[in-house]
Structure formats: C-alpha cells, structure tokens
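Below are two complexes that have chain A in common, paired first with chain B and then with chain C.
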Partner chain A sequence: MAKGAVKSAPAGVERRPALAGREATGKSVKVEPLGPAERVSLRASAESVASLSRALGLTLPQKPKTSAAKGSRIALWLGPDEWLVFDEEGKDLLGDCAKAKQLHSAVGISHRNVAISVSGPAAEACVNAGCPQDLSLAAFPVGACSRTVLGKAEIILYRPAEDAFRVECWRSFSDYVFTFLSEAARDAAA
Partner chain B sequence: MLLIRCPYCEEERPELEFRNAGEAHVVRSANMAATSDEDFEKYFFIRSNPKGVIYERWRHIHGCARFFNAVRDTVTDKFVMTYKAGEPKPKKLPGVAK
Partner chain C sequence: MAASYRISGAGRFSHAKVAKFSFDGRPYAGIEGDTLASALLANGVHLAGRSFKYHRPRGILSAGAEEPNALVEIRRDAARRTPNVRATVQELYDGLEAASQNRWPSLSFDVGAVNDAFSPLFSAGFYYKTFMWPKTAWKSLYEPKIRAAAGLGVAPDQPDPDHYAARFAHCEVLVLGGGAAGLAAALAAAETGVRVIVVDEQADFGGALRFEAGARIDGQDGWTWAQGVVARLKAMDNVRVLNRTTAFGYYAQNFIGLVERVSDHLAAPGRDLPRERLWQIRAKKVVLATGAIERHMVFADNDRPGIMLVSAARTYLNHYGVAVGRNVGIYTANDSAYAAALDLKKAGVNVAAIVDLRDNPSGELVDQARAANIEIHDGRAVVRVGGKLRVNSMTVQKRTGGGERTLPIDALLMSAGWTPSVHLFSQSRGKVAFNDEVKRFLPGTYAQDCVSVGACNGTDGLAASVDEAYAAGAKAAKEAGGKAAKSAKPKVEASEGWSRGMLGAAPGAGPGTTVKAFVDFQNDVTAKDIRQAVHEGMRSIEHVKRFTTNGMATDQGKTSNMHGLAIAAEELGKPIPQVGLTTFRAPYTPVTFGSIANHARGALFDPTRRTTTHGWAEKHGAVFEDVGQWKRAWYFAKAGEDMHAAVNRECVTVRKTAGLFDASTLGKIEVVGPDAATFMELMYTNPWQKLAPGRCRYGLMLREDGFIYDDGVVGRLAEDRFHVTTTTGGAARVMNQMEDYLQTEFPQLKVWLTSISEQWAVVAVQGPNSRKIIEPLVEGIDLSDEAFPHMSVREGKICGVPTRLFRMSFSGERGFEVNVPADYGEAVWEALWAEGQKHGACAYGTETMHVLRAEKGYIIVGQDTDGTVTVNDAGIDWAIGKKKADFVGMRGMMRPDLVAPGRKQLVGLKTKDPNVVLEEGAQIVADPSQPIPMKMIGHVTSSYWSENCGRSIALGLVAGGREKMGQTLYVPMPDRVIEVEVSGTVFFDEKGERLNG
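And now, the complex of A and B:
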C-alpha cells in the first residue's frame, strides 16, 4: 500500500488525502496514514446477515469485537446490528450489498473516514496512550476490533497483526488523532 | 476509572465509552392525551433520586452504541449489574442484602 496514497483519479480531479505526506516515527513504533479505501457502514437485522454475507463474499462476524477478512475485504463488528466493511482495493462494496435481497441499510462512508497505521513493537503502548481499553493480546487478540475513544475523539480500532493497529477516525478528527498518536509514538516503548 | 459491563459487548469496558441516559423503567402512558396534569408531571419531571440502589439507562455510545439498563449504588458509585434494554427489572441483585 502506498504511503498517503494518491490513486489515479479522473483527469482534472486531484485527490488530496487528509494526512498526505505526514509520518511519525518513535524508537519502536511508526505512525503513518493509510491509503484510501472503499468503506460501507452496514446496518442489518439478524435475518439479513446470511443474505448480506453471500452478497459480500465473506461471513459477517456476529460475536462482539470480532472481524472477518477475505482478500482485501474486511468486516468489523461494531454492534449487534452494525458493521464497518472496508475494501482496500476499492472494489464496489455498495454494489455488492445491493445484491442482497433482504432488508438492510448500506451507507457509503469511504471519504468520511481516514485510516492510520500504528505499527512496531510499541504499537500497543502507543495506542494505549489515549485509548482506555485493555489492548493486551489476551483481551484484544489479532483480528479484534472495536469502536472506542482515543483522547477526545471516537475511533474504530482494528488489530491486523500482533504489532500493528489500524485506527479509523472521521476525516475532520484526523489531524487531532494523528498528532495525538505522533506525540504518543515519541514516548512509547515496547 | 470505572469499568462497566456492556451486556451487548459482553465484557467490561472503560467508563469513557459510556453515557448516562437517566432513570430506567419510566413508563410512558399509551394514551398521553388522556393523562392528567398530575400524572404527566410524575411521568415527565419526578424522578426517584434514591440514596442507594438506582436503576438507570446507560448508552455504550463510543462502543456498540446500544442503550442498556444498569443497577448502580448512588452511595458507593458501584455498578451492581447491567442488563439489556427491554428486559424486566431483575428481582434478585447479586451481592445486595434485602
């Protein structure tokens, strides 16, 4: 994935990612913006889950704090009837959701959110600087995800690997969240 | 920091993710137009405000975003238990005499 990626856009349209070019490195943690992705906020009742799972090509997780991944597509459990689905290769999530015949609500939020990667041996300490949840591997294993807070901003946290976190926040909060994580990265030690 | 058990997330989470939403089990009249002024006042304004065990609505706003009910002690600020919205008042409270 390109850093602060600028994907090829239609001629005359310049894509300006919120955190383009920013990066922060501590002794054992690196904070950097992730590239753009397709994102969908999905709400559906239990009866619609099977139909949506077929349409999206992955099984929507039904247990708290769990996620499901298939290829470049990842679904995060946010609530009993709510998921964040994102696809880093930009495949058409809304189109796939529309194939599901059961009642559901799929809202495109690709541009509402910004993703930040926190990686390195001290990633856990870095995120914990502002997030009050227990992020030890016992409580927050690889693949775990949760909506929570970082400092004063709401974030969605996902752990793709033992020493890496994906922090999603609203675009308007991204400057605050990135600066917060950069400051934390300076102090964080594994 | 207090840890509050969310009945939907099925685990204890830090209090910063939650928001209080007032007293629980306040029943709205099915026929509001026929409600007398006194009854409406009781429903709308009067709260029990006990010293001791209170039943409250809470919302896991920075988590699963669900409303649920919690039993809390107003003297010690300790949470006795939490249960899902719509469930009846628990008859027996764990660890509370009486």
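And now, the complex of A and C:
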C-alpha cells in the first residue's frame, strides 16, 4: 500500500491522495496537504438559492469574495451563479443538492481538487509570493475566498482564520502548487 | 601596500570591523560598512576598470547607482560570478573577490587600449560606416570581431546556484527614495495609519544626507535625524521599510517593480536566504522622492582616474571616512563644490584650488571658502589634465582664453550641477517640462496617481524639500483613506543650498576633433561625437542618441543625458526643449534574470502535470512524452527493446488480446441543464436531441469560420446531462469556447458547464479480450453486447468504487474506457493490469495509440488537421446533422472557398516499397521531374510502420485527393524520391467488424 493511502468502502480499492506524505515548513509558516473532502461545483440562478440553501443546511453566500460555513460544510462564492461547496467530513453533498427542487447543476468534483493548508504568522506572505491579490485582513478578511492564481497555476483561495489559508487547485497542478508554496515558505517571514 | 587614505575619526564606520577583500588578485583591507569603491579609495586605488570602446583607464566617478566607470566582476565561486557590478553599490564583506573587466592582460597594461589611438576608426556611428566594404566581410569578419570585442564583462557560464524570491504587496502610499524628502513623506503618510512602504536603493536611508554635513533637522544633524525616522517607521505596524531595494520599473496603474538585494552584501548568506527578492507593489498613491544626480564637467580627458563628482568625494569623506586624495583640485559651475572644499580642508586634505567657470561667484559658501584660504580661480576652466592611470595635474585657463597655469593635484572633483532624477516619473508616462529659468527638465503632466517631491521635483534646499514632501505624504495618505496626521512636521534648522550649474561642454572640451571630452563615460561618447552626429544630419535627440549611443543601455543617461542634449541643441542652434529629451526606459538599473524569473525555474518553471498512473508507468519502463504540460507514457519498453520494437509489440498485442492505456488527460466537461441537448446541438456539428441516455456519439466541433476545432466522444448520462470529452490539448480552449458562446450568444439556455477533466482518471482497455479483463471487477453493469453495445455509457462500480464506464474504441477493437474518481485511478489500473496479465495484455502508450487509430483512419485533430481543414476535407461529412438549422461554423463551412473543388482532402498513402516509412510533414508532388520550385499538392500528416498491416501506412492532405484514388504521387526527399499510391484512409479491418470481435 502506498504511503498515505486511505481505505475506502469495504470492498473497494485504496484511495491514493495526490500529495500524501508531503509537508514543508518555513520559519513561520507550515504548508501541508489537507485530507480528502466531498466537493460539488454548484451552479444555479438567484431564484434557486433559497431552495439550495435549505437543502444544504447553510445560506449560500451571494456577495463576491464571501463564504458561508456550517459545521464541516463550507460554500465559497466563485461567481454570480457559481459556488464551490465542500464538506470535510465527506457528507453526501450531491444527495443533499438533489433534494432541492429548484433548477440547478450539481457536479461532483471531490477528486478534481486538492486542498493545501498554509498556516502560521507568515501564511499571508507565503501565498503572496505567487498570488497578486491584496491579502491584508482589511481586503481579504477571515472567510474571504477567491478564484485567483498562484504563480502559473489557477487556485481557489479561502481564508479560514487570520493566519491560515486553504489553497485548492486541480489535482495535476497540486505538485506544482505545493512545491511553489514550499519554496515560498522558505522565504516568507511575517 | 599603499598608504591608507582613511581619516581617523571621520565617517560613520570608524569602529567597524576590518573586512579583507581582493581586487584583481591583490589583497586589501577595508571595513564593514564600506562599499567596494570606498574600500579601494581607502587603499589609494582609483584605477578600477577599462572603458567600453576605447579601453581607456577609468576610475570611480560617483558614490552611487549612477556609476558608469567602476564596473567590476564579483566572484563568490565558479558559478557565482556577477559581471558589471557597480563598485559604488557593492557592499564590502569579508572575503569579497572582485576583478576588473574589459582589459587584457592587466588593468594597468591593456592591449585593447590601442583602440584609443585608433579612435578615428571608432567614431560615432562607426559600425554603420567603417565596415561596409567589402560587403561579404561583414558577416565573416567584421561582425564576429566587433561582437567579440564588444561588451563589458563576461556572462557566467554555469547555472546560477542561488535562488530568488518574489512577493506581491499592496499599500496606500509607496514612497520611492529614502532621502530627507522621502522620509518626511513616509512619516507624514505613516502617521495617518494607512499602509506605507518606503524604499531606498542604499544600505542605509538618508540620501544626500550621507554627504551633506551642513544639514540640521529637529535639533540633530541630518544623518542622525534620518536614522531616527527610519527607526520610528520600522516600529510602526502599518509601515514596511525596504532598504537595498531599487524601484526599477513604473508600470500601469501604479504597479511598481522593485528588486531587493537580500544577500549580496553578506559574507556567508544562509542557505534559505534568497539572493534577491522581486517585489511587485500596487500602490494607491506613489510619492517619487528620487533625488537628483550630479553632473560632471565636460572637458578634455575628464575620464582620467582620480577625477570624480564632488558629491562622491564628499560622500567618501563624510560617510566612509575616506579622502580621495591628498592634494585635490575642484572644478565647478555651481555652489555644491564649495561645501566639499570646506569639508576636505577641515579633514586635513589640501585643496589645490577651486576652478569656477562662473564669473564672480558669491554667497555664504564662497565667502567661507575664501576665509579658509582656499584659492578660487573664477571665470576659468580646466582645459587639460595630466596623468594617464591617475590624474596628476590640471591646467587652468581663463574661460575666454589666454595664459595657462598648471597645478599639480592627485584628484580632481567636478560639478556641473544637478539633474533631477525623473526616470521613474518618465516611465510612468508622465511628461517632463523644461524649466528655462533653472535649465532643467522637471515633472510636468502626470499620467498616474503619483507626486514628485524634493530634488527630483526641482525643489532646491532641504527645508523646502522636507516641507513639500511632508505635505505631499500627508495629502496622499488622506486621499487614500488615512486619518488626519497627529505629529509635527520635521523642522529644518540648517541646510546647504543647491544652485543650477551649467549644461553642455565646458571650454576644455575644445572645438577640435581629437579632444576626448566625455559626455557618456559608460558608452564612451564624447562631445565631438555629439557634434559629429549633428553634422551628419541627426536632428532629433532620439536619432543623436542612437547614432552615438549616448545615454543608452544600462546607464540610461544618468550623468550624460543633459550634457548630450545641450551640446546637440547648441550645435543645432535650437533651444533645448525643441530638441527634446529622450525617453527613460525600465529598468532604472540592471535587473538580474534571476530576480525576474524568481521561483519559475527548475521544477517550477512551468507546471508539470502527471496522471495518476505516472509512478506505475515509470516502474514499468515507460518513456514519457510532453503533451502540453502533461507527461504521457509514450511507450513501455521491455528490457532490450527500442521504441520501434516496443511499439510493434504493443500494437500487435492490443489487436491479438488487449492493452491498457491511460487516457486520463483527455479534457472532460459535464454539460448539465434542461437545455443541455439544445446547447450541444449548437456547439457540435452532430445531432444530439435523439441520442438516448446511456448512448455515446462522436462529436465534432468547428470554429465560427467552418474549420475543424476539436473532437471527442460524448456520452449522454441523462436527458439533462452529458459527459463530453475533448482532445488533451483542446481541453481548456474547448471549455472556454463553450463558455464564451453560452454567455454571449446563447444566454437564454438553461445549461451549465463544469470541467471534470481531473475528477476522473481514465483507463482505456482495448482489444478482443477487453471485456474479459473488466468483467470480474465490474458491479451493477450488464456487459453483454445486447445490454451494452458499442458507443454506450453506464454508471456503476468497478473495484468497489464508482465508475462511468464507456464502451468505445479509438483502436478499432472492442474497447472500454473506465472512468473512476482520480484518487482511485492508480489502484484501479493495478487491478485491471492484474486481470490483463491473465490474458497476456500489455500496457501501451501514446505512440501505439496513434498507430492503431491510423490503421483505422481515425483522425487526430491538430495532427491530420491544422486549422484549415473542413469536415469535408477530412472526409467525415457523416458527422454533420443534416437536418440541423444551426450550429457554430455552419455558415462558415458554406463559404465559397470552403466548398470549392480542388481543396486538399485527407487520403491514405501507401508507399510503393512497403518498407519505406514516409516523414510526417513531407511534401507531395504530382511530377517529380518538374524544375524546382516544384508545385506541391499536399503533405503527409501521419505516418507509421504498421506491424499489424505488415507495411508502412500514412495519411496525407492532397489537393483533390479523393479523385486521385489509385494514382501514383511522389514525395521528393533530399536523397531520393518516394513513390506513393493514393488510397482510402482505412488500412485495417475495413468493415469494422472487430469493434464487436
């Protein structure tokens, strides 16, 4: 069994996350892969938001760069009709979305994205090595999120705490993004 | 060792530790805090380099970034060699190794100096004229020789072992320049609470306070005040203070590029420390406090070592505690020089005389100089100097001519006045305006949200500069959202005045054609070169600049621009503003490639995308090929196999039993919504409304202009849900094209697109035994031909995990494509591999995939098409929904040229000799004996050896190709002409029986 492999359903083959076993620390920042999560790319027009919010058990955010969290479930606003919803305890998001009767599109992307945590006093400086956004707390407060870039890769950036970021990218870019953040962590100081 | 020129008690580093260094292999001692230049001068060394063109011996002109002469190579080891480092900027560290450049065999005896004697050959614009004849010699003789002789320094020949970092930052107020004005502006802005970043290129903030001994601010001497302000700023949470940082480029919307030299000044930089850090700062407001640069005097042989700017000599004395000579002459056209004379005199240095070009200079400083018994020769010029490797005399003459007098000296300080540094302002696209009263170009019309303060704004005098800067800093901060400032403005109690000085050539530049009075030291441009450019017809200063190279390249005219302009204007008989000022370009000073590339090198040069089976493939002998950013297994070589053998084995094995292929890189898009089928009808040529859920169809996408854009198999999962696949290379652009049309052309459609390329890992299992391989692993899907025919899709489980299972084929064999969530990709591949082993299946790569599809005549978009191929050209008209009213490209494909006869059509090509494999890209002609250039009627798009067919096969685009079936055409190659027969595109299993075989 590969390092860091996770057992799935009893009869199933093992799950091998993209960044299993990797970790990097700088003077005041730590970069580490986050575990698997259930993820859905949710698309819907405004009239469906209330229905979907009820079905998901959280109020879908409707302002740019904002998010909503309830328990293990978080919804990130990515566009006027687009959210990334993830559930870190792996609860069935597609099933919940299906309960909403209003028109929407829910597509499972649990395996498409890989999440990386950047935490510590220098987390902001570390991400700013490759992300041109203003990440000060005034411009990018706790709970803020954005689809943006890190170096030459597209990422979704979410700030769960003052000194922590969740960086999501597509699976095959995760090696690049993780390596970039590791390099940046060497230089980042708070 | 030479006697020390360090004056005990002078300077700001008198208690610093000794730092040993070497220059051209000779050991010297300096102190920590020195620059290489100050350390050399402390050892009595002025000769620092040889000039660019004439190889003239050169000394140290300045004490800052404007240095054009003292360019040296700094070596840490064989790989860490940096050429063209300004000795005046490089900070000394213990063990520093420096070497002079552009000389052979040694700095004091340089063979290349013959260029100086032959200088008539190398006059302005020489490369346009001197070497024109004979014409052929330019390429073979002159250009290589000039290239070998040209350039300063030697580029490193090994990879750079250092690493470089990068940082984006934002602030409300960015202050560029940390002299008195910059610090006052930063202080005012910082106290309002907004984010402030203040930068200076020097190791220490203070700017001109480094040398200006007469300044007093808030009860302290100027330098001490500056350090106090920096300490206050550093203690504030909202302020970032960056020293050793050069703002090199001013871009759109207050976006500034800066480079911070993090470890070039350290003897032993830590492993984690980058050498440099690139800052990219977006600021609401920019305060330019970039100061002014002193100009030299233009007179004969003004480049001799020992001749330097007055402010430089003062900096060496007051900051570094180094006297630049023991018997110093001064040549000036403004007041600054008098303060220097007084400082030198006070430090015990003899001032031979002040030669002032002005008649009857007056003022407090002049009086003080007289009172100190310093000889003043007013209304006079230095017309000549003695000494070659070091100045040893100056000859003084009345400005209007007459008798000469020669004075012995060992250094000569010169000042023609001060040029405001408008480089960054000009880069911001601001327009400078000429102020005739003070003879300066000053910031005029602003193009961006910035403000200039202090000397760069033409504000003379410390008090006025600080007042202006403080007010500007406070205003900028307030406009950017700051609160009202609390603290008091710094109070300037004493300062030295600056005056205007003069522009252009002094009398000592001579009217003659042999005098070398340098305007631009770095580019070896003299006053006569500028005059010559005008005589040869250059009228615009931009032309004069290019003809003479004045102010070009890394120097960017810091000391030379105004002199060059004034000389040209005089020669043209026009006022200066009518001749114009050249544009300043980024970078302000040279920037390393390392800092521009920063993290983007090695593994981070570009993302490398790997599929989930990459590790498995590596272990099984895969050779990879790059497909965009992807690494794809090309072929799997067994021991002793070359590519040819491996591919032949793979091709045969797939058709004989089965093969496994990683198809994960194909683009995948989930199209969801009640209007999904309508949208698909519009985006693809094919009909989709009647495709039943659970079935698949080959989809063909065109561009608006009617040419083939992409293709792929599409499965309908439900009435309102399609699983679309695209080519690997087309994944992103197809998604973009779909999204573009959806948002701009079809916004009424209720349909959404989601990229699922990386959600699913895909294993293609192809071959007659493919069903047997997957069967034991699949749950919940009936795999019989009746229940699951060719071109179907089902959802179920494989190996206990969810799958979207496609029955489809790109090989012509019975085939499946197993989609599983990506984290399971490798484990499912391994399970399939284990089953496959029972049936003798192989793993195969992209090469075999290509051969197998070519045997079947399946096209690859981007290989058999090139953006000019229509559906009909490719012979796949069946893919067009004939009854459809509209789709993207429908009108385009009806254009007259796209339906005209004689278009190139895709056909098969069989070589007459079956063992000959054509070259892809080779041209096809009808008659090989026609004269060159031949009429080319087509080209080969795909060509392989087919082990399954026992011969070579090829596809090609040939004009009117389908009417040429059975005809013989020719492929002329350098060594022979290959005969080919035009055939159909299917080479294997023409009836397609094996899809169910």
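Keep in mind that, in the parts below, the second predicted complex is superposed on the first by the 180 of 190 C-alpha atoms of A that agree within 3 Å, B and C clash if a C-alpha of one lies under 4 Å from a C-alpha of the other, contacts with A are read in each partner's own complex, and residues count from 1 in each chain.
Methods note: contacts are C-beta pairs under 8 Å (C-beta built on N, C-alpha and C of every residue); 3 or more make two chains touch, one makes a residue touch a chain.
No experiment lies behind these values; they were computed from the predicted model shown.
Of the two partner chains placed by the overlay, neither chain B nor chain C lies in contact with A:A164.
Of the two partner chains, chain B and chain C are each touched by A:P132. In the superposed model, A:L94 lies in contact with neither chain B nor chain C.
Which of chain B and chain C touches more residues of chain A is settled by the count: it is C.
By the touch criterion stated above, A:T148 is placed in contact with chain B alone, chain C being left untouched. Of the two partner chains, chain B is the only one that A:P64 touches; chain C does not reach it. In the superposition on chain A, chain A positions 132-133 are in contact with chain B in one complex as well as with chain C in the other. Per the touch definition, chain A reaches chain C in the complex via residues 2, 6, 8-18, 26-27, 36, 41, 43, 81, 103, 105-113, 125, 128-134, 136, 139, 151-153, 170-173, 175-176, 179-180, 183-184, 186-187. Chain A meets chain B in the complex at residues 64-65, 78-80, 82, 132-133, 146-149, 154.
Chain B makes touch with chain A in their complex at residues 1, 8-11, 13-14, 16-17, 62-66. By the touch rule above, chain C contacts chain A in their complex via residues 163, 165-170, 195, 272, 274, 277, 280, 282, 599-600, 603-604, 606-612, 630, 670, 672-674, 750-752, 754-760, 799-801, 821-828, 830-831.
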